[in-house]
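First the structure, then my questions, so here it is.
Labels for the chains are A, B, C and D, by order of writing; each one numbers its residues from 1.
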Amino acid sequence: MDDRSYDLCKSMVSRTYIAQAVEANVPVHKLVNRLLEQKRIPDDPVPDHVIKSLLNDLADMDTSNFSSNCGAGEREGRVYSQLVAECHYRMSHGIGRSGELTSVQPKAAGSSILAQLTNKMALHALKIAGATHVEDGFVVPMATGMTLCLCFLTLRSLRPSAKYIIWARIDQKSCFKSMITAGFIPVVIENILVGDEVRADVDAIRRKVDELGSENILCIHSTTSCFAPRAFDDLPKIAAMCKEQDIPLIVNNAYGTQSSKCMHLIEEAARIGRMDALVQSLDKNYMVPVGGTLFASYDSGFAEAFSRMYPGRASASPSTDLFITLLSMGVSGYQKLLQERKQVFAYLKEKLEVLATSCNERVLNTPGNNISLGLTLTTLDTDRCTLLGSMLFLRHVSGARVVVPSTVQTVERYTLKGFGTHCEKYPVPYLTVAAGIGMRKEEVDVLVTRLLKVLKEVPTRRESSAPSDRE
Amino acid sequence: MDDRSYDLCKSMVSRTYIAQAVEANVPVHKLVNRLLEQKRIPDDPVPDHVIKSLLNDLADMDTSNFSSNCGAGEREGRVYSQLVAECHYRMSHGIGRSGELTSVQPKAAGSSILAQLTNKMALHALKIAGATHVEDGFVVPMATGMTLCLCFLTLRSLRPSAKYIIWARIDQKSCFKSMITAGFIPVVIENILVGDEVRADVDAIRRKVDELGSENILCIHSTTSCFAPRAFDDLPKIAAMCKEQDIPLIVNNAYGTQSSKCMHLIEEAARIGRMDALVQSLDKNYMVPVGGTLFASYDSGFAEAFSRMYPGRASASPSTDLFITLLSMGVSGYQKLLQERKQVFAYLKEKLEVLATSCNERVLNTPGNNISLGLTLTTLDTDRCTLLGSMLFLRHVSGARVVVPSTVQTVERYTLKGFGTHCEKYPVPYLTVAAGIGMRKEEVDVLVTRLLKVLKEVPTRRESSAPSDRE
Amino acid sequence: MDDRSYDLCKSMVSRTYIAQAVEANVPVHKLVNRLLEQKRIPDDPVPDHVIKSLLNDLADMDTSNFSSNCGAGEREGRVYSQLVAECHYRMSHGIGRSGELTSVQPKAAGSSILAQLTNKMALHALKIAGATHVEDGFVVPMATGMTLCLCFLTLRSLRPSAKYIIWARIDQKSCFKSMITAGFIPVVIENILVGDEVRADVDAIRRKVDELGSENILCIHSTTSCFAPRAFDDLPKIAAMCKEQDIPLIVNNAYGTQSSKCMHLIEEAARIGRMDALVQSLDKNYMVPVGGTLFASYDSGFAEAFSRMYPGRASASPSTDLFITLLSMGVSGYQKLLQERKQVFAYLKEKLEVLATSCNERVLNTPGNNISLGLTLTTLDTDRCTLLGSMLFLRHVSGARVVVPSTVQTVERYTLKGFGTHCEKYPVPYLTVAAGIGMRKEEVDVLVTRLLKVLKEVPTRRESSAPSDRE
Amino acid sequence: MDDRSYDLCKSMVSRTYIAQAVEANVPVHKLVNRLLEQKRIPDDPVPDHVIKSLLNDLADMDTSNFSSNCGAGEREGRVYSQLVAECHYRMSHGIGRSGELTSVQPKAAGSSILAQLTNKMALHALKIAGATHVEDGFVVPMATGMTLCLCFLTLRSLRPSAKYIIWARIDQKSCFKSMITAGFIPVVIENILVGDEVRADVDAIRRKVDELGSENILCIHSTTSCFAPRAFDDLPKIAAMCKEQDIPLIVNNAYGTQSSKCMHLIEEAARIGRMDALVQSLDKNYMVPVGGTLFASYDSGFAEAFSRMYPGRASASPSTDLFITLLSMGVSGYQKLLQERKQVFAYLKEKLEVLATSCNERVLNTPGNNISLGLTLTTLDTDRCTLLGSMLFLRHVSGARVVVPSTVQTVERYTLKGFGTHCEKYPVPYLTVAAGIGMRKEEVDVLVTRLLKVLKEVPTRRESSAPSDRE
């Protein structure tokens, strides 16, 4: 309905009612226009029906939705199933164009605007989380590992002779594979153990740089967020070294936006050193389904180069999910989630400590990780540890990991000893659990209750070792 | 509702009605179980509500949807927005696991089953289209160009010393960029002109192989489907050479499943030669939104190697879209679409020929392309040709391309002369239009009417050159 | 999005694309404004997303949807469940006001407009169907029987001393009960048998009027559409008599809009005689769920009086359903349905005649009913007839009725002999089937196939008499 | 998916995952079966997707949804628009049969079960609210006024000579019209003023009964819930008299279920006296859209008689809305709403008293009404009072009523002096506001803020009298 529509309505109901209705909707129009103008997350949550209406208006701007459209190419946005069309809010052209992720797609003005707004709002979210000086960022509709891979491929053209990627070990397969998939030789820097905590060995990194020669090094691949007892990397030191040595720095900030500490480290690192890319998972940070990554950079030149590497038009689904989600949250909702996560983490720690005491175990002291925690399992042998993991999984606790230091993992032709503990010889087996964004206190209570129950049962339990979600 | 539910219903309505209702739903249960057992597209279209109900049941199998679930990891499938959850039918875990696209995700049995069923149905669809002996296939949630890139990266580890990719030129940027992004040197083989048709020069390919040495060649990158006047490659000859020389063959079958000729060429090539991968766009072939690719192979070893290259868990959105779409179509619906496309192509050709005659132009004779057609624009100068493109775009004809032979395009540091025509010096400017799957006869009528109108207007029109969707 | 929104979009995509998008949506705005202005069914079907968008805009006009609204009364349109809100497109205030069905509801401008547009479109639909001079009409959210009841109650205040309603018998319970519920004495006029056809006895009606005295008669309650072999009433004769005698005429046009004959009778009757109300079922005529009635009148005074009788605010659900449906159909779609029904009726007749011949039965000759048909069951005894009905129901044929002349039905304290046949002594048992709006030829084929199969089986079948949908 | 489906899934994912999924869904199956067995509101809220899945299964039980169904009648549940079908969860047959609201519809087992479950849950809701001994109840898809009307029509057949309905005045049009529409003579008993409160004059009722003769009285029409300063009727006294005099009692319990006092009065009245029917608005009590009524009775005989009066099949929409809503609430959610309303009422009272003091007005002392409150407007003249109402409406306060004692209202041929105040001569003008179910404390704050602002502005405001929502 447009202005004339409201005028015409006056033939049916009192003009006062129409005037009132038009006036009542002014705030909605203002909200939408502020979004289009400022391209930042609105202060307050936007109701679903307003989001849907906006998506509908954007969809109407795509050529494939013009009632008069005649598609004469090989890719005309035709969608067979009404169900599918609805899931995508009638936008079918994806994002980007001929291999540039952030380009406007001429056939799809609405989709293009949605993609741009999402990218700007995502950048805003990063700033809210603490990366206040980040320059550029956009949604990449691929896993974080694949996005890291594309970062490395982008660097290849800039540093054609470089073969090595220096990587402070974390025991997560995807990020390790990302280097191999990209065709580089990962140089694994073993971590050091400081108290309970496993930390990146920055001196060893520096020595390795000297050994290999900076021109042969594609980049340093550093990490902010990983399962305890692994601490975040000392990013400012690493970034400073990268700047000094002219080596790119790619940061796997997997789910680090949840931690103000991680974000401040990033800001500080960017201020004093060099940081080429910052890669974060959409689902782990923004409560959307798995599928996308937020690429960001303090160097808009690298961001542009990266954006040009993706060959083809990409899925708009992660962008759409994030668009809806950030509007639904509003700045206030997002900040509330961040604060609540902090509180839930503290609560989890407190509860775990009580439980630990009652079981003759203890919570690992890992001040360099404020997202996840480790609980020692010194009272159990290896089989019982494994059984514990299975039992938790079968009791509907997902995501808890039992780690036994003796595990050896081979990825492609590389072997990592002590896999899971982020170091070759961690002294004790343990269980890790995380307080991720969106976790509620009640979940902590349920977790601790189930964990306690299982810990009591497991020593005497005869249960054939069943699968866990980490098998 | 389960068996007991229906029993309980008998306290409310006559048991005859219940018996009748239960019996009436037997065909639906049979359909679902046949799908789970045979893992092929059902013969007939499945109604939307049955699809939704099946998706709902699958979603209930994901741990994040268990009412008793307690998520203690960093990625627990929490979804903030109800709108987003609904778009994904409450499945949020994506597909694959730790960098294996086809692995089962322990936290998400339902999502994993959906992904597997989709992959099997996609393979079935390929067989229906003519690739009857294809061995393996699955959905990759990336653009075709990015999927080609990942194919090349997969080959890198198998052929570490190879640097070159031999490519029979087609003038589409994404597939060219896919080679550069992967870090290889594209060796462009210029096409030959036979009559109106632009064909791959198989002899030149062979000579280039001899010149470079097969061990230095990563693969041959061949194409089945491209805009007229480009013809499909002579795949059987190329595949035979690849087998003989032990060079992998990667086929960009972008939208070739629509053409039984292309599919028969592929089958024949695989029979007598070597074919490592077959890459096709989901949106161009199956009427889903942009976002995914169907990777397929006649060599399950390569398929497995490829599947292991993707680092991370990937978006389930393209799989879900294809799942819904193939169920909605049924075998009968899909076959009907293929047949109708053939008829629409013939109709388009016929109509264009009549139009051509009336305008002193002619339809290019391109028997090697039965998806798109070219119409000469010899009566117009270059400016008028460009204007024609704009005018069509502004008159809501999307996807029609005006090609002027003098265009030069630079992609990264490579220059392609005559860009758009697939060869350095095509004799005439022309317009190409395609009869893609899902196009209707009425659209052809509209297209031809608008085209005729514009062709009449353009010679005398004073219109500032406006943008087209191909600018 | 408003004009300013589109302007703001120009900061993100080319202004040409925005201009094109705005222009492409002009037809949609025109369509909506034409609807608001002309208040008639649009010529062509309106796509679902346009309907949804319009409903969304209307919903935004209801006070309960103002973001700033503060509800301080006892009925403020609060809706607990999001699912329920969505089913009603966020409109919760119903229609009418303090007991006037067609009044504007001040709290709900959008709902009020929806109700008015629906009423006007419904009137338009009646005119398309043939009642070209009908004056007024609106949706009543009650069953046809209840609406007839309210017609009678409306007449009561106008004719306080009248006690009788003269009714040419049809064997359908609801319309009979409507008179009793309203507190009147139904005077049943038995029909006459002319050939196979059962017809209203207009002479007997006239005699009864004379006998009772017109001032004692509330109205004549006449019927256009009923199951064969009942023919439509001779409305012009009855209406002329009503005019002459000053007796109101209430016409139960249950599903008569489907038959151009019925509609022409109505027009003719209104032209030469008196017709106070015309009552038609929404679900039987317009393919919406059960729930509403279209009340119409050639006398806007009576329509207004009727509208004022409903005490309270009423459900908007039937109006919303009809609103969506008539927009979805468009004039062209509705006319097509009417034409197709005619063809399906002819096809059904033809098929039944062939079947009849093969079974030594015959199709009843009922030229005064062109919606349903009767097939004699002379070769079966009463038990077999009943069994036939059950068997059809159990074989998923719904709505077919087996009628055995000996049935006696008591409704309240009234007894109707030969119930189902519309007369006291119909010579043969028979089966009736209808060709209702929306029936497809394929359904006729299925029906005839199943019927033939059952007719062959029933003579020798040992099946305990099971329920039918007419039990 | 059935048992076999889950078995078949084991070919795709580990049988442990399947076992876990099946086990995880046991509580959902239990919940559904408990509902089907006990037919009461579940203790806890049921998630939307479970409700949708249950509705889907019920819909599958309706013949019109059988894939094999062949409709041969005049009403076969065909639905033209997919949008409409979805709004009704694919159930299109309505409720009831041939004029019995609670009968099973043979063509629609699923719809019939839904209707029965809803009726039982509605009865359960009434019991939760305090009517613990109520015998029977069901949803009537008509406004409360129309339902009252049908109650009176039901009584007509039982008391054919009775002409009068004795009614203790409340100033709400619909319930007054319900008597007139039904064709009876309303005998208005003027209320008495006790302090600020307007109360039914039970003695006057008794005198009127004696005067008219109980056999001439159809029923007493009494009210529990009405805008302050009207108090609830002294139901126990009235019911006892009704029992003694053998006069039916029909109680308009419009929105009384929100008040435990009203409900206790009803219980007490039924215990010691006679109560034939209890009529309550669905939207006012259960936060669903306008459209239905909950009829209930302590006399199942009368309930059955009433149920048989509705001529025709009725809309299922109000039943479906209530079904979804009561499941969504669960017992706990419903009880919480009731408690919160009590608290909000107390809060509203407290806030209004503060405001009153600051404005030299006072809150009327009406202990017999704990849903709404009155605020005197003694400092304003009549015009200013009216203006105040308009200003509130224009400031998006809906439902607040300004009442000026001098208003005279004519309904049909009856005149009510002092309309709005429930008595002929209320001493002061006032404003009434209600704390209805679902109102939140924040709304009270907004209301009081706006009210205060308007009260300050109105004495000096020059505003042309604009419409209010009560005009």
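Note that in this section contacts are C-beta pairs under 8 Å (C-beta built on N, C-alpha and C of every residue); 3 or more make two chains touch, one makes a residue touch a chain.
No experiment lies behind these values; they were computed from the predicted model shown.
Among the remaining chains, those touching chain A as well as chain D are B, C. Judged by contacting C-beta pairs, the busier of the interfaces B-C and C-D is C-D.
For chain C, the chain whose average C-alpha position is most distant is A. The distance from the centre of chain C to the centre of chain D, each centre being the mean of the chain's C-alpha atoms, comes to 29 Å.
Chain centres here are Cα averages; for chain A and chain C they lie 57 Å apart. Between chain B and chain C the centroid-to-centroid distance comes to 49 Å (mean Cα coordinates, whole Å). Listed for chain D are residues 14, 17, 20, 24, 52, 63, 66, 68-69, 82, 106, 393, 396, 467, each touching two or more other chains.
Because contacts link each chain to all the remaining chains, their graph is best described as complete.
Across the complex, chain C meets chain D through its residues 48, 51-52, 63-64, 66, 68-84, 87-88, 91-94, 98-99, 106-107, 141-146, 148-150, 153, 156-157, 173-178, 180-183, 225, 227, 254-255, 281, 283-284, 286-292, 309-318, 320-321, 324-325, 328-329, 337, 371-372, 393, 396-401, 412, 433-434, 436-439, 443, 446-447, 450, 467-471.
Residues 14, 16-17, 20, 24, 82, 393-394, 396, 466-467 of chain A are the ones touching chain D in the complex.
By the touch criterion stated above, chain B contacts chain D in their complex at residues 1-2, 4-5, 8-9, 11-14, 17-18, 20-21, 24-25, 27-29, 32-33, 36-37, 47, 49, 52-54, 56-61, 63, 66-69, 90, 104, 106, 109-110, 112-113, 116-117.
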